[in-house]
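Below is one structure, written out as C-alpha cells; the observations come after it.
Every chain is named by a letter (A, B, C, D and E) in the order it is written, and numbering of its residues begins at 1.
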Amino acid sequence: MQSFFQEAVIPHFNFWIYVIIMMVGLWSVIAKNNLIKKLIGLSIFQTAILLLYVSLGVKEGATIPVLDHHALIESSHSESSEGSGKKAIAINPDHYANPLPHVLMLTAIVVGVATLGVALALTQMIYKDFGTIEEDEVLKKIKALHDDV
Amino acid sequence: MKAKIFASIAVAITGAVLLYAVSDFPRFGDPRSPANAGVEGGSPSASLYYIENTYRDTKVPNLVTAILADYRGYDTMFETVVILTAGMSIFAILRVLRRDDAPGAPASAPDSSDHSIDGDHHRIIVATTCRIAAPLIQIFALYVVAHGHHSPGGGFQGGVMLGASFILLALSGSLRDTLVRFSEQQYLRLAFIGILIYAGFGFLPLWVGRNFLDYGALSGLLMTSGEEMARSHSMLGVEIGVAMTVMSIMFAIFANLSTRGRLHGGL
Amino acid sequence: MENSVQSYLPLWACLASLVAVPLIVIFRREIFLRELVTFGAGALKFAFVLAMLPIILEGNVIDLTLVPGIDGLNVPIAFRVDGLGLLFALVASSLWILTSLYAVGYMRGLHEHSQTRFFAFFALSLCATLGVAFAGNLFTLYLFYEMLSLSTWPLVTHHQDKEARGGGRTYLSYLLGTSIAFAIPAILFTYVRSGGEVSFGPEAILSDSDLGYWPALALLLAFAFGFSKAGLMPFHSWLPGAMVAPTPVSALLHAVAVVKVGVFCIIRVVTGVFGVDLLGRLGVNGVLAWVAAFTVITSSLIALTQDNLKRRLAFSTIGQLSYIILGVALLTEHAVMGSIMHIAMHAVGKITLFFCAGAIFVACGKKYISELDGLGRRMPVTFAAFAIGAMSVTGLPPTGGLLSKLYLVWGAAEANEIALLCVFLVSTILNGAYFFPIVYRAFFKPLPEGSADTGIAEAPLACVIPLALTAAGSILLFFFPGLLFDLAGLMVNGDVANP
Amino acid sequence: MIVTFDIIILVFLVIAAIISLSVKDLLAAAMVFGIYGFLICLLWAEMGAVDVAFTEATVGAGVSTVLIVATILNTRRKSTD
Amino acid sequence: MSDHYPALVLLAPLFGALVIGLFGLRDHRVCLPVVVSALGVSLFAAISLVLSVSSGGPVDYFVAGWKEPIGIGIQLRADAINTPLLVVIAIVALLAAIFSIRPAAERDSEKTPYFYVLFLLLCVGLFGITITADAFNVFVLIEVTALSSYGLVAIGQSKRGKVAAFHYLIMGTVGASFYLLGVGYLYLKLGSLNMQDIHGILASDDALADSRAIRTAFVFILVGIWTKMAFFPLHGWLPNAYSYSPSGSAAILAPLVTKVSVYVMVRMMVSVFGLDRLEANVEWGHFVVWLAIIAIAAGSTMALAQREIKKMLCCLIIAEVGYMVGGAWLGDPQRWGLTGTVYHILADALMTSCLFLAAGIFAKWLGALKLEDLSGLFRKMPLAAAGFVVGGLAIIGVPPTCGFYSKFYLIRGGIESGQWTYVVALLASSLVNAVLFFRIFEIAYFGKKPADSHGDDHGHDHESEPVVRLEPPLHALIPLLVAAALLVLLGLFNGPVVEFIRTGLIETAAVVSTGR
C-alpha cells in the first residue's frame, strides 16, 4: 500500500483530488433535493475540470507565463544595434508555465458563471410559480396542475 | 431516496473510469509532458511556440492575454457571446415587461419597499464609504483592462470589476439610484456595442483580404510601425470591447436577479 | 433479341390521370365538367396505352429513366414497359373508362356525399396502378405500390361510418404492415445481394447469384407475403374488409386494379427477380405453388358460406388470384401464359359481377343472396350479364375464362403436377357451386309474395350499359384472344408466339 | 509551485466543498461556497496561473456568491437536505 | 470576399443579433427583416460552400491568419460532411423565424426582440459547431447553443416550461462538462487541440492511441455528446423541454440541436479518432449498436403511450437519434451505415421541422394539444393537415419522401454489417410510426362531421365543400408547406446528395487515416 501511495498517488496528487472534487459535485447535482444546492454542486463540478486543465499545464520551478518585459527590450535594442537577426537571449520554455490551459480555463470560468446566472433566474421563476425550491415538492405540484399551456 | 442511490451508482462508475485513467497521466509538474512540450508524432507543440514566439509576433509579454485575444481570439469572441447570451436568456426568463414599462423607460416609480438611504442610520456609513470607494474601484478596473498586456488582467477581469462597482452601489445604496446612473437602456446598448467592437476589429481585415480576426492587416489603418504593434493595439481595442460587454451584462444579471425582473426594490 | 426504345409514352399515360386530379377539384362546382374531366382522362390514358401497343408487339421494350441511378449508388426511378406491363395497363385503363361511367350512375343513384374527393382519388389510384404496370425496377414498383395503398384508403373509407373505419383500419394495417415488414427487407436483400442491380432486364436480377435453398425460399415468401395485395392466405382478410367501399371501388380496384397489382408484382418477382431457371433449379417454387393451392381451395369453400353477395365475390377473387400465382409458380411455359391471360379474363369477368352486384343494390337495395329470389324477371339484363360473368370466372366455353383455365391446366399437366391439376378441377367445380345457385335463384324461383313487385326495375342506364359491355367483352375474348396471346407470348419466350 | 502548500490547499478545498453542500442553511452554504471560490483562486495563483486566479477571484468567487445570495433572498433560506 | 464564407456563415447571424440588440429592443418592426436577411446571407454562404467543396474538395480557413504550425490558431474546415448540414440549418432557421412572427397584439409580444436575439445567437452557435475544426472551440459553441436554448425554452408563459428548462440546463451542463473533460484528456496526452493534428498523432502512434487515457477521453466525449443529443439512457430532458416550450422555440430547437450533436459525434468518429481504429475493436461497436436498438425501441414505445402531440413527436426524436447513432456504429465495410446517418441528419432535421411547425400551428390556431383535439382537422385546415400528412409519411418512410431513402441506406448498412437486430429494430419502428400517424390521420379524417380527406402522399391540396375554414395565417402556413415540399425534394434528389456525402466520407476517412 505504501509503495502504491508513493509511486501512484503522490506524483498525480492533483489529478486524484480533482476526481474527488468532481465526484462530490456530481453526487450533489443528482442527489440533492434543493435546487440551489444542485447549482452549487454543479459549480463545484465545473471547477474540478478547471483543476484538471490548470494542473496539466504546471511546470516545476516555472514562473507565471508573463515574459520579463524589460530584459526583452534591452536585448532587442542591443540586438537591433548589432543588426543580428536572432534575439540576444533565447527564452527557455521550461521556465514559463504552459499558457494554453490558462486561456481555456478563462473561458470555462466565464461559461460556468453564465450558466449559474441562467440557472438562478430559472430557480427564481420556479419559486414564483410553485412557491418552493425543493425538487420533490415542485414535481408534486406539477402533477397537480392538470393542463397549462 | 431513489435519487441518492442512483447518484451513488453514477458517481461510483464515473469515478472508477476517471481513476482508471489517472495512472496513465504524465507526472504532475513535468515540464516535458506532452501538453507542455508536444508529442513527436504531431506538429510542433503549440505551447512551446507560444512561449518562444509570442513576443516576436505581437510584442505582448503577457502570454495568456496574447493567446486569449490574438491566437485564439475566435474562442474569446464566442466567450463574450456566451456572456451576452446568458444576459439575454435571463432577460427573457425574468424580465417582467408590462406594456408601459418598455425597456427604454427608467425604472418605475419607487414603491414603499424601497428603503432609501436617508431614512436608515446604519446604511449611511456603508453607503457613503461605498460611494467613495466605487470610483476608485473603477479606476483600478480600467488600469486592469489597459494593463492586461503586461500584467495579469484584461477584458474579463476589468469588466467584472467595473460591473462589481455598480453592484456595490446597488447593494449599499438602492438599486433605483444606481439605475438612474446606469439605466437599463444604457447597459443593454453597451453590451451590444462591446461585441460590435470585437467583431468589428475582426471584420476589418476582411476588407484587406486577410482572414477574420487577423489584426496584422490593420497596421495600415492604425498607422503603426509594424504588424506586431498593430496586433498589440488591436488587442487592447478588443479587450475594451470585452470589458464593456462583461460590465453591462454582469450588472444586468445582478439587477434582474435581485429584483426578479421588476427592476425596483431590490435587496 | 429485344432492343429498348426510348419514349415518353408511359410517362404521359401515368400523368394523364394525375393531371385530372387538380382539374376535378377545380371543377367541383360544375358536376358535368367534372365528369367530363374523368372521362377525358380515361380516354387519354387508354389512347396512350394503345399507342404503345405497336411498339411492344414488334418485340421491343420501352425504357424511360426519370431519376438516374448513379452506379448502384442511389435509388433510380425508371419505367420499363414490356408485354406483361402493357397487358395489365390495357386491362386497367380500358376498364377505368367503363367504371367511370358506372360510378357516375352509381353515385348519382345513391346521392353519395363528397363525390369530388371520390373521383379525385379514383384518378390518383389509377395513376398509381399504371405506375406499377410500367415500373422498371423494384424501387419504382414499391413506390407506386405504396402510393396505391395510400390513395385507395380514402376510397375504402368513403362512407366514414363505423364499419368504414374498421374496414379502413384492417385494409391499411394489412397492406402497409406487410409491405413494411416483408417487402422492404426483401427488396433490400435483393439490392444488396445483387450488388446494387435492381432493374428488370432481359435476364433476372438474381439469376447468377449463388442463392441457397433456404435463403431463396425465405426471399420468395417474403416477396409473396410482402405484396399482400395478391391476397395469399393468411394475409387475405383485407379484401373482404374492403367491401365496405362503394361498389365502383370494389369493382375496379378490388377486382382489377389493386388485387391485380399484387399478383403483377409477384409475377414480376418470379420472372424478373428470380428467373424461371433459378427457381426451377432450386425447386423453391413448389412451396409457393402449394400455398397458392391451399388459398384457392379454402377461399372457394369460404365463398360457399358467404350470404353477402359482395363478400362472396371477394372470396372468389382471392381464389382466382391464387390461380394466377399457382400458374406462375408452375414455371412451365403454358402455365405462365395461362396465368398472364387469366389476369385479363378474370378482370373482365369479375368486374361484370361486381357491376351487377352494384346495380342490384342501386335498383332495390338488396345485398344478400337470400333476398335475390325471382329478381331475374325484373332485372333481366343485369342477371344475364351476371350469368355470363359467372361463366367466364368459372371457365365455361362461350367466355374467355375457359382459354386461360385451359392453359393453366395444360401447364400443370406439362409440369406433371397431377395433384395441382386436381386442385384446378376441384376449384372449378367449387366456383360453379357458389355462382350458379345465385343465377338459378334469380331466374327460376318465384318472387316472394309479400314484396311490392312493381317497384323493382332495372338500375339506371348508366349502370346497366357498362355491365352489358363487360359481359360482351368476356365473350369477345373467347372468340378473338389473338391480342392477349401475343402479349402473353412475349413474356414467355420473348417472341410473338403463334396461337 | 510549492508541493506542500499545494497539498494543504487541496485538502482544504475538498473540506470546503463537502461542508458547502451539506450545511442546511442556504446562506451559510453560499458563504462557504465563497470560501471555496477564494481557496481555488489561491490554488491557481500558487500553481502559476495568475490570470486564471484573477478571473476566479472576481468572476468565480465574487459574482457567483453575490448572485446566489441574491437568489436566496428572493426565494427561501431553509433547505430540507 | 468569396473565400471568407466559412467565417461569414456565422458572422451574419451574429451581426444580425447585434443590430436587433441595438435597434430592435425599442422598435419591434426591425426584428423580422434583420433576422431574415441575416439568415439569407448565411444560406447563400452555405450554398456557395457546398459548391466550392463539391468542386475543389475541403476548404480550410485559419482564423487570425495563423497557418504554419497547425495547432496555433483556430481552424475552420468545410468538407462534405458539414456543408449540407449548414444549408439545412439555414433553411430550418429561416422557416422557424418566419413561423414565429408574433403580431403586436398577441399576449407576450413585447418579448419578441429578446426571442429573436436568442434565436440568432442559437443560429450562431449551431453554424459555429458545424464549421469548426478545433476541439475546444466546439465546447464554447456548444455552450452558446445551450444557453440560448435554455432561454428559448423558458421564454414562454408555461410553468412547466421553466422546470423543464432547469432540468435541461442541469443535464446539458453536465454533458458539456464531460465533453470538456474528454478534450482535456486528449490535450493532456497529445498536446494539441486541432482535430486534424490530434488525428495525425493518433494515426501515427498506435500504442499511444490505445492507451488508457485516450480510451477514457473517447468514452467521456461520447457520453457528453450523447447527453446533448438525448440518446436513450440520457434523454430525460428532451420530452418536457420541447413540448412545454413555446411553439416558435420548439420549431427551431427540436429539429436542429439534437441533429448537430449527432453531427459532432460523427465528426469526432471520422476526423478525430479515425474510422478504422473504431472498427478495429468490434465489441465496442456492437455494444453501441445494442444501445441504439434499445433507444429505438424505447423511443417508439414511449411515442405510442403519449396523448399529447408534441410529447409524441419528442419521443420520435429519441427513436430517430437511436437510428443515427446505430447507423454510425455499424462498421459495415463500405460505410453505408455512416452515409445513412449523415443523410438521416439532414432528412430528420427537415422532417422534425415540418412536424413541429404543424404541431405549432395546431396548438396555436386550433388549441389542439391532445390527439383527440385533432378530430375533423382535414376539414378545418386542409392545407396544414396536408403538410402534417407529408411529414408523417416521411417519418414512416414512404418512398418519395427522404425518410424512406435514409432508412434504406441505414438498413443496407445493417444488412452488410450483419447487424440483423438493428435492421429488425428499424423496420419495427417504422411500423410503430405507421400506427402512430395513421391513428392521428384516422382521428383527423373521421371527425364528427363527414370530414373530407386526402391521405395520399403527394400532399395534393384539394378539398370539397369546406364548411368552416380555420387555415392558419400565411406566415405560419408557408413554412410548413415549404418544409413538406423539401422533404419530397430531398427524397427525389437523394442520389446527388448521397454521392456528395460518400465522396467526402471516403476522402476524409482515406486522407485522415493515412496520417500526416
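To be clear about the criterion, a residue touches a chain if its C-beta (ideal position, glycine included) is under 8 Å from a C-beta of that chain, and two chains touch if they have at least 3 such contacts.
These numbers were taken from a predicted model, which means no experiment stands behind them.
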Review point. What chains do subunit B and subunit D have as common neighbours?
Key: A
Check your understanding: Counting only C-alpha atoms to place each centre, which chain is farthest from subunit B?
Key -> C
Study note, to complete from the structure: Per mean C-alpha coordinates, the chain lying farthest from subunit D is C
Practice item. Identify the chain pair with more contacting C-beta pairs: A-B or A-E. Key: A-B
Revision key, fill the gap. Most central chain, judged by mean Cα position vs. mean of all protein Cα atoms, is E
Point to revise | Mean-CA-position distance for subunit D and subunit A (Å) | key: 12
Review point. Roughly how far is subunit C from subunit D, going centre to centre by Cα mean, in whole Å?
Key: 79
Review point. How big is the gap, in whole Å, between where the Cα atoms of subunit B centre and where those of subunit C centre?
Key: 74
Practice item. Let me have the rounded angstrom distance from the C-alpha centre of subunit D over to the C-alpha centre of subunit E, please. Key: 38
Review point. Which subunit A residues reach two or more other chains?
Key: 13-14, 26, 28-29, 33, 55-60, 62, 64-66, 100-102, 104, 106-107, 110-111, 113-115, 117-118, 120, 122-125
Review point. Using the touch rule from the top of the page, what residues of subunit D touch 2 or more other chains?
Key: 1, 50-51, 55, 59, 63, 67, 70-71, 74
Point to revise | Touch relationships between chains, expressed as pairs | key: A-B, A-D, A-E, B-D, B-E, C-E
Review point. Given the complex with subunit C, which residues does subunit E contribute to the contact?
Key: 393, 396-400, 405, 407-408, 411-412, 415-416, 423, 427, 430-431, 434-435, 438, 442, 445-446, 450-458, 460, 462-465, 492-496, 498-499, 502
Practice item. Would you tell me which residues of subunit A are touching subunit D in their complex? Key: 13-14, 17, 20-21, 24-25, 28, 32-34, 36-37, 39-41, 43-44, 47, 50-51, 54-55, 57-66, 97, 101-102, 105-106, 109-110, 112-113, 116-117, 120, 123-124, 127, 132-134
Check your understanding: For the complex, which residues does subunit A have touching subunit E?
Key -> 26, 29, 35, 38, 42, 45-46, 49, 52-53, 56, 100-101, 104, 107-108, 111, 114-115, 118-119, 122-123, 125-126, 129-130, 138-139, 142, 145, 147-149
Practice item. Write out the stretch or stretches of subunit E touching subunit B in their complex. Key: 1, 4, 7, 11, 14-15, 18, 21-22, 25-26, 61-66, 69-74, 110-111, 114-115, 117-118, 121, 124, 128, 134, 136-137, 140-141, 143-144, 147-148, 150-152, 154-155, 162, 165, 185, 187-194, 197-198, 200-201, 204-205, 208, 211-213, 215-217, 219-220, 516
Review point. What residues on subunit D touch subunit A, complex-wise?
Key: 1, 6-7, 10, 13-14, 17-18, 20-21, 26, 29-30, 33, 36-37, 40, 43-44, 47-52, 55-56, 59-60, 63-64, 67-68, 70-72, 74-76, 79-81
